[in-house]
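Okay, so chain A shows up in both of these, paired with chain B first and chain C after.
Up next, the complex of A and B:
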């Protein structure tokens, strides 16, 4: 078959290119540009001239030991949240396929409600539940006066629980739709061959669901790596002595709250590159194992 | 192919043309601008604004009576978004107000952005200008230029529960050391109470301890500063205010604790009176200046407050100066105290207020004893935003770092932010 090259496709692509360029490329270009400038409030209001500082913002960032601590904490926290979200979401998706109509409806509604709650209100509600002196949880457990935010790991665990609570419904719904689309005959055949639920999940569902899983995993990684609201609200901007800082909160605090936009842009670029790398790596491993996306 | 190249080059062209936006400062009116027309004024919106608005209306009426063909357009801007509003006004001269109220800690940021006009000649030519204390003037001066007239201040002092003190046979502490032992006594005799409510995020409560010992924020790792910091963090301990409960408290939370009767003492401001009177502590407390290291001395308090300034972009600077001096004068400062409980900055006005209301005496004594301020440097905003001081206090209070380590780290960060 010979392809006839015409200019038509180019023209047809132009509207999309303009929209995407305006919405994505231009902000990214601005972000990159800001990150090599000394750009603070004084420059925005024209009090001082804008200065090109090259890699200064990046050098300052990479030589800051705090940055590496925060980056490590963010990666580990995001990884834990992604795994927990997937486990909870997948488990409940399977459960959804096995229960009768009314419980299924109730579970879906509950999950949708959690999903629909704005992050700020959700985090605040959880804070009330886990309040040191007045929280229901502490009263129930008989540990009034226990401050969940005092220890670094209990604080991260609690915030992580809220992150998972807010993001598992997406995973659950997506995977449930995927599972429902699997031909019943395949599952039946597996059952006839003696596969139990666990085995059927890993050897039948997961391979078939791989493309759906890929989307869910990438989404979760991006969401959890960029977590801001829950940390900011629940740990009051990074926790006791900054022990619960994640990269986004750090960027906000170091850069935007103090109007150092150049430095903030540098953190933004670094985050973008990390996410891009993780996503590409993940897609590559998928492709290598035989699936195209 | 040709087309693709054209598209690419067009794209490249638009991109190079798009540098981040900066505005060019407007030319300032040198002749004082028109003497008639509408004067634009921005004041802070506050919860329960009505009394403030009534006082301002009175001032406006007096002003327009004395200045024919003028009107005053007063806008109340939200405190939370003031930063954006001011940045916007600096960037867009056409929409800028003439007279503004601003928080004195915001001064360096606005000054560095070049947004405020020099008020040196206005104040020296003002009959009541000489009545401003040196401390007050210093808090509105940036790099030698007076950029505001302090309108009112707020300071913190030591609130204590008279009923608790009487039943335990205690008297108001006269030194910081005595304050510590008093706090521990209260905690040991009444275990469900904190001796003194302190918090790791309550920097304005901690700074007086540092200053009283001769320390400075710019030398937070000096021996004197460390002694002061340690005397504060020693209070965040089981025998007064356990770290589990107090390490992450803000100043506002300590107000709640004192007001709700959970604490025997608290470092609260004159502006917290209403909150305390709304709680169980009402009628059962007294206030003394926070004591210093030696008996009879007062720990220097942080003098937070608001200034009135004139924008550099103001279209009617001469009228603006007239309105500013009227509103900042003795008459309206005293009225503002009656309306909002704001402490006057003019000696004459504070004398008048003190004669009327005994409650303000300890606060005015604190001001007279000398107040301190955060370093007037645009970098301080960064120190504040990145929570350098709370982190330092919390690290020591929770035992994550020694006093030496925490102060060393904080000193480095403060140094970096201020010298950049």
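Up next, the complex of A and C:
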């Protein structure tokens, strides 16, 4: 297997190309196509011919205040989740470097366990913990009868808590590995100069860890922007009157609950474009941090 | 300084306890007798643990079947995706060809694609394919295996590439000088050496397929027999009263395999992530 010109790589890549072409590229093309069609239940059942409607789905979407409301909710929800995840993850990563062996082991095992819990199981467990009457948390707080899901903001907060609980371990583990890779002498010198933990973190660790941080931040943005399972399970498909919809759930409901497939696809395209922009940012950061392909 | 450290140790242990508390609560609620689950005065312990909820879930609601379905989907995805990714990773590291870099960037971008947005076109694709090949149409486990193989592939290729790269070229060259054919080099030399990497990749693929809720919800519409765990679990949510004991038992059953997997590969996971970050 020397590096000569042969057809071998073609054969080796063929299976991957077939699978990804058929189940990634083609659906992406189809998504774009659907978004410019009038495609509802009538077309699916063949009762009416499929009609090209140009940018109609998009114009209707962009003139619908509901869409902007959902978009804003998605951005704010994702931003809050990302900030909380980073604060908790980074804080605990620093904490891990300053504690004894046994507590460190306990904390990392606990984080790993939370990480391993499937999204559905995590959602149901937190739902039970915060249940109106039977929830342990409500009983502890003495607020039996309080339903977290009635109010838009408490519902989002609870879902956000589950998302953060499930995703801070990734940030913690990655940043901890990064901090451990910083030469001890650098941190010791800072301590000798009288820098406290806060300053050591912002003025020494953050600059050194910038590439790792960038990756963690952008990964988190991508994940939290498209949270689906937790919202769908915990708010039963988007909350009371759809108050807890995010773009993802909104697109899904438009397509599969209202049979507005063209409209759902248009929302999907918008989501895809937003995340593509974030991804390009990610690639630029990778390149700047010296990644060679 | 000493007192400060002891304080931090205590804080860390406290946070660890809070972090695992929901998991503890899940397992605890699964083994609580029915009376205690309905209690308006929940206790963080139980003196009369029972396996009733598990029995109800496994026997009455045929959860064992869904467990097997989930397992089957996840294992097939692990095998096929691992195999295809291995071949692609070899092509990307052992050969120089045009568009190689373009391909690599494509695989990286593919990891970022919000697959959730593809639900709509994939639904129609699976529906149409099903009329030709019933085995991978709507309501089949095959459809889930298919899409998850595709979704796990970009990451698997990206990760395995690093492992293949780490094997020195001289090894394949020496084998070829000894008269080994391409096929032999691929399976007898490279494959065994990449095995640890494949193990790490397998875990990611397994978890991805195992945790999937969205596609199971979309594709498996009317064939109750072919449901996977996440959907089957929602059966216990009832408009009048949720069967929390059963929900927690089912959630525990769903968490168990992933937890075991995580514990086995804990070290490798951290190393793999570190590698992915530094790579």
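Methods note: the second predicted complex is superposed on the first by the 234 of 293 C-alpha atoms of A that agree within 3 Å, B and C clash if a C-alpha of one lies under 4 Å from a C-alpha of the other, contacts with A are read in each partner's own complex, and residues count from 1 in each chain.
Operating definition for what follows: contacts are C-beta pairs under 8 Å (C-beta built on N, C-alpha and C of every residue); 3 or more make two chains touch, one makes a residue touch a chain.
Nothing here was measured: the structure is a model prediction, and the numbers come from that model.
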Could you say whether A:50 touches chain B, chain C, both of them, or neither, answering first, second, both or neither? first
Please indicate which partner A:165 is in contact with in the superposed arrangement: first for chain B, second for chain C, both, or neither. second
Check the residue A:283 against both partner chains and state whether it touches chain B (first), chain C (second), both, or neither. second
In the superposed arrangement, does A:154 touch chain B (first), chain C (second), both or neither? neither
Classify the contacts of A:145 with the two partner chains as first (chain B alone), second (chain C alone), both, or neither. first
More chain A residues in contact - chain B or chain C: C
Mind working out whether A:103 is in touch with chain B, chain C, both or neither, as first, second, both or neither? second
Based on the superposed arrangement, let me know which partner A:128 touches: chain B (first), chain C (second), both, or neither? second
Going by the contact definition given at the top, which residues of chain A touch chain B in one complex and chain C in the other? 10, 26, 30, 34
Using the touch definition up top, name the residues of chain A that touch chain C in the complex. 1-3, 5-6, 8-10, 12-13, 15-16, 19-20, 22-24, 26-28, 30-31, 34, 92, 95-96, 98-100, 102-104, 106-107, 109-122, 124-126, 128-129, 131, 133-136, 139, 144, 165, 170, 173-174, 177-178, 211-212, 215, 222, 225-226, 228-229, 232-233, 248, 251-252, 255-256, 261, 264-265, 268-269, 271-272, 275-276, 278-279, 282-283, 291, 293
Once bound in the complex, which stretches of chain C touch chain A? 5, 8-13, 15-17, 19-20, 22-23, 25-26, 29, 37-42, 44, 83-85, 87-88, 90-92, 94-97, 101, 103-105, 108-110, 112-114, 116-125, 146-147, 149-151, 153-154, 157, 169, 172-173, 176, 182, 185-186, 207, 210-211, 213-214, 217-218, 229-230, 233-234, 242, 244, 247-248, 251-252, 254-255, 258-259, 261-263, 266, 269-270, 273-274, 277, 279
Chain A residues within the chain B interface of the complex: 7, 10, 14, 21, 26, 29-30, 33-34, 37, 39, 41-48, 50, 132, 145-147, 149-150, 236-243, 253-254, 257-260
Considering only the defined contacts, which chain B positions touch chain A in the complex? 3-4, 7, 11, 15, 18-25, 87, 90-91, 109, 112-115, 200-201, 243-245, 247-248, 250, 378, 381-382, 384-387, 390-391, 394-395, 398, 400
